[in-house]
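The first chain written gets the first letter, and so on, giving A, B, C, D, E, F and G; residue counts start at 1 in each chain.
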């Protein structure tokens, strides 16, 4: 992840992001931190793929599982 | 992504691009930025794979999921 | 795994972590150590994917099999 | 892609190439440019996998999706 | 495989380790040596996935096939 | 591809090689050139997987699709 | 492939090795040479996966297809 993208991610710290994963799952949580491999730490993460959400707590998600990250737009 | 390709991508910033993904999905949006791994940020992104489009908002898409990018030709 | 993430992992040493793997298995154990590839050593590891847990003992798990790590929050 | 191969590709710029992809699709187009990862830009690209061809316009195709490139021989 | 993990592996040389592979097979043998890619050499290796064990003799196993290694704990 | 292997490949230039691919296809052609990634250029290439051979002409084949190359022995 | 493993492989040159591949095939042949990526050249190679063996002649096999190599022990 190069500088242009890193700036976008930094602006999302402390905000809720929605992750679409390569395994078709969808995970939502508050972005704490990230690194150049797009590894992310999230607070209050939830697997929201099914109607009944599954609480995951605080997680570290490996970047290579990510398809796309929906970013807050404000 | 080396220089030759980077120049092509730069010319598309602010324009609508269409992404064909390795998972067979098709995503459309306005290209904001990109990096050397072909990670992209898009505004007003939509999953247009199905007849009913799905709004994705502002997204960061990991480059390793991309099959091809259709570029505006103006 | 860059510095930001490494700090989070260090804080979990000696604590119980829960690993969701790319093969859909779930493994739990006490984190002993880790490296920059997210390779982990765990004590008293258990495969808790099925109702009947399977004891794995002390294991070294390759980082590239990991989807996400649920971290203790205290 | 090292020098020996790069020379072959350079000789194809401005000519029509046929790409066989790892996903079994076949794409044809006029080669504009390429980089060391075999990322290619094509003009007037068409997906010719099915009897009815699908126009793709100007595209940037990621090199890691390519199985083989049929090169013009003259 | 970084230093922390390498130390753990060194302590297992000459001991019996149990390998869970990404292809769901399980292999057991006496660890002779290893390298930074987690490539391993094993003596008296056996595929113990099925009830009837299959003797493999002395093998070199590529590290990228490994899911986890169960380590002797004493 | 390191030096030892490169020497073997050099000796095959101008000769017919048979490629077994990871997708189970078999391709035959006259080796023109190759690079360190095992990317190959072939003249008069043919897909000989089926009884009826399919002419591919001059091709550039990406090395990461190759399982094995049968080499002429004289 | 680091030094420890390289020494093991060197000791096998000129001897018959048995390769278990990731695609579940089994190949046997006399090891001629190898490189750091575990790319191998074999003489008198045979696919022995089926009861009826298939002669492959002299081959260059890409290392990333290998699961394990059974080594001669004397």
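Assume a contact is a pair of C-beta atoms (placed from the backbone, for glycine too) under 8 Å apart; a residue touches a chain by one contact, two chains touch by 3 or more.
Not measured: the values here are computed from a predicted model.
Peer 1: To get from chain D to chain G along touching chains, fewest steps?
Peer 2: Minimum number of steps from chain D to chain G: 2.
Peer 1: Touching both chain B and chain G: give me those chains, sorted by label.
Peer 2: Of all the chains present, none is in contact with both chain B and chain G.
Peer 1: When the C-alpha atoms of chain B and chain D are each averaged to a single point, how far apart are the two points in Å?
Peer 2: 19
Peer 1: Need the CA-centroid distance for the pair chain B / chain E, whole Å please.
Peer 2: 43
Peer 1: Go ahead and note the Å separation of the Cα centroids belonging to chain A and chain E.
Peer 2: 34
Peer 1: At least two other chains touched by the same residue of chain C: list those residues.
Peer 2: As it turns out, chain C has residues touching two or more other chains at 64.
Peer 1: Quick one: what's the order of chains around the ring if we set off from chain F and go to chain G first?
Peer 2: F, G, E, C, A, B, D
Peer 1: Write out the stretch or stretches of chain C touching chain E in their complex.
Peer 2: 21, 23, 27, 32-37, 39, 41, 45, 56-62, 64-65
Peer 1: If we count contacts the way the header does, which residues on chain C are in touch with chain A in the complex?
Peer 2: So the residues of chain C in touch with chain A come to 1-5, 8-9, 22, 38, 63-64, 66-73.
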